[in-house]
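Note sheet for the following structure.
Read from first to last, the chains carry the letters A, B, C, D, E and F; within each, the first residue is number 1.
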Amino acid sequence: MPTLFCLTNVHDSNCLNELDGYLNPSDSVLLIDYALELAVSDEALLYRWAQRSVTVFRLMTGDCADDPLSQSVIQSVDYDGWVSLAERHANQLWWR
Amino acid sequence: MFTLHVLSPPELGTACYHALRFAEALEAKGHDLQCVFFQDAGVLTGLSHCESPQDEVDIRARWSELAARTETALYLCSASAARFGLMPDTPELRIAAGFEVTALGDLVTAQRVSERVIGFGDPC
Amino acid sequence: MTDLNPGALAATERTGPAIWIQQHPSAGLRAQAGVDTALSFAVFEQSPTVVFANAGVCCLSVPMAAPAGRKSLRKLIDSFPLYDIEQIFIDGRSLKKYSLDADQLPEFAVVQSPGELSTLVHSHPAILSF
Amino acid sequence: MFTLHVLSPPELGTACYHALRFAEALEAKGHDLQCVFFQDAGVLTGLSHCESPQDEVDIRARWSELAARTETALYLCSASAARFGLMPDTPELRIAAGFEVTALGDLVTAQRVSERVIGFGDPC
Amino acid sequence: MTDLNPGALAATERTGPAIWIQQHPSAGLRAQAGVDTALSFAVFEQSPTVVFANAGVCCLSVPMAAPAGRKSLRKLIDSFPLYDIEQIFIDGRSLKKYSLDADQLPEFAVVQSPGELSTLVHSHPAILSF
Amino acid sequence: MPTLFCLTNVHDSNCLNELDGYLNPSDSVLLIDYALELAVSDEALLYRWAQRSVTVFRLMTGDCADDPLSQSVIQSVDYDGWVSLAERHANQLWWR
């Protein structure tokens, strides 16, 4: 069963690189808060993940007008979608 | 059956808010929520009399409302609660509605009976 | 994305969870909470798998530092075998990042590559992240 | 004249502990300490009934002792105190000995009369 | 190291302090505390110098995000000129790191290089770090 | 007057590099807790600072046997020494 990796308030894009070695095909990565801001600055990594069938999501909280993302490689989910992700993944690791 | 594990309070980071919204989404989808287990600084979520500005979400009140509506247990880990001042001689003076202090054994039980344990916690 | 019926969660084999300790012992009580939780699962015979990664590896440093007036977690970790936690897993990459010496780890520590830790992640029904 | 500015409580990070040891070193060297101003989560330093394990330093008790010994004012920022539950109807039930709630204006005054303002706070 | 006599602290010219805001608005109430403090010094006519650096620059992001149910700090910052805070200083390197657009900063924001911020640091009698 | 830069629990050695542009001769850097662990992994940077007359200190808390440092480029201070540093510097910036 795949794993859902949650990232929030990561300190720098290094954290994303370190995650790289953990990912299996059909795993997912959920970017929360400003993990997103750092992830979009490393497009190459995101495309590499997409090629490995790792899906990248960003959490839309609905608190404000969430920017539409130009990178189609990142899908948006709301809390309902996060619950669906939790259903479809065996476990969740909160990456710090 | 879900269990949520919350390590940060509303004032630090965003994890406690996300946990609340996740719990509300579970409720809306008809999932069972075994309990929410607050640990480490997350136990401060159960501290009463924390003021929330009018133009912000009152995260504590929303947790209490969820507990009242769904009868979900909101557990505060006793070891953490002792460190964070939630266990004076008269704890009822400090603990918000819907929360109760419990031991780590309840997290063990919750994990055993739940299909999913979903954690929420900012780096500290 | 198709939603599953709430009753239809895929049953995962329920074995002990992985306890993933990632915070520096100086950062607060988070690492302590992780160690306490591992011991609780062990006391209830739930065979937790304990992993130290990222700054969490500093919980294992010697001398037994008592950062900022707190007690050393290393002593508590050294007692794990008494609670039938026979192995702990350490992220080798993090050891290097924090300049820790693998020779000073407890004898029951097993240093892991990212690939090995990935296997660990994917084989557990639940992960408690600290 | 020194003023200390503390943004973290004993349970988060190490800054509160370092601030205490710094304050004790100031005292030992005969420096004047105008006040210690606790703000943000640092105000939790003034929360009473937080238990400290016997084999650890009881940082809160040491602050209270310093205040009693040197008559140093330990100020808790009122805006932060309200957020962190230190201002219920009967604040004396929650606030540890030697601490008092005060407004940000006292930080302004302290900065004006002090040669040095030394800050202590972990990243949050 | 020679110790100075406690009475002999070099007198620094007492002007307003620098308020150095470095934490992300999502990280907690720290950035809010910095903004409140800047306003207090302004209200007492102490001419604070306000600097946003590191993740603190995200306090200025548009749209006016209300992260995790909190209110936006940007609105409060936009009101600074009403309190006679006529300029704020922004670390240009951090803007880049967090992919923020300099065009969306308030009009009274001045983007600074590390060298310029260094000059700012060294010219203030006190720095309050948030 | 020089500035004292305090670093604690910095996330990675990047933080040290970012500090580089701020330092003037006769400034000091005080490494607290695990800022030290990261700093010693970037010796080249420390030597560059030494050449610019920036002094690097580490805080010895006395809680445990602080390791003697092989790098002589880092000086040790206790809390008493930190107070002396505070006397000799105009201000202190806590670097996060």
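Brief remarks on what is shown
In this text, a contact is a pair of C-beta atoms (placed from the backbone, for glycine too) under 8 Å apart; a residue touches a chain by one contact, two chains touch by 3 or more.
On a predicted model such as this, the values are computed, not experimentally measured, just so you know.
Common neighbours of chain A and chain F, by the contact definition above: C, E.
Listed here as common contacts of chain B and chain E: A, D. Ranking all chains by how far their C-alpha centres lie from the centre of chain A, first place goes to D.
Between D-F and C-D, more C-beta contact pairs join the chains of D-F.
Greatest Cα centroid separation from chain B: this falls to F. With centres set at the average Cα position, the gap from chain D to chain E is 23 Å. Averaging Cα coordinates per chain places chain A and chain D 39 Å apart. Residue positions 9, 11, 33, 61, 87, 91-92, 94, 96 of chain F each touch two or more of the other chains. Along chain E, residues 3, 9-10, 12, 22-23, 26-29, 66-69, 126-127, 129 each make contact with two or more other chains.
Residue positions 11-14, 18, 29, 31, 41, 83, 116-117, 119, 121-124 of chain D are each in touch with at least two other chains. Of all residues in chain A, those touching chain E in their complex are 9, 33-34, 37-38, 40-41, 61, 63-65, 67. Residue ranges on chain C touching chain B, taken from their complex, read 3, 6, 9-12, 14, 17, 22-23, 27-30, 33, 36-37, 40-41, 44, 46, 126-130.
On the side of chain C, the complex with chain F involves touching residues 24, 26-27, 55, 58, 63-69, 72, 97-99.
Residues 11-14, 17-18, 53, 55-57, 59, 122 of chain B are the ones that touch chain E when the two sit in their complex. Interface residues of chain D facing chain B in the complex, by the touch rule stated above, are 11-13, 41, 44, 47-52, 82-85, 87-89, 93-94, 124.
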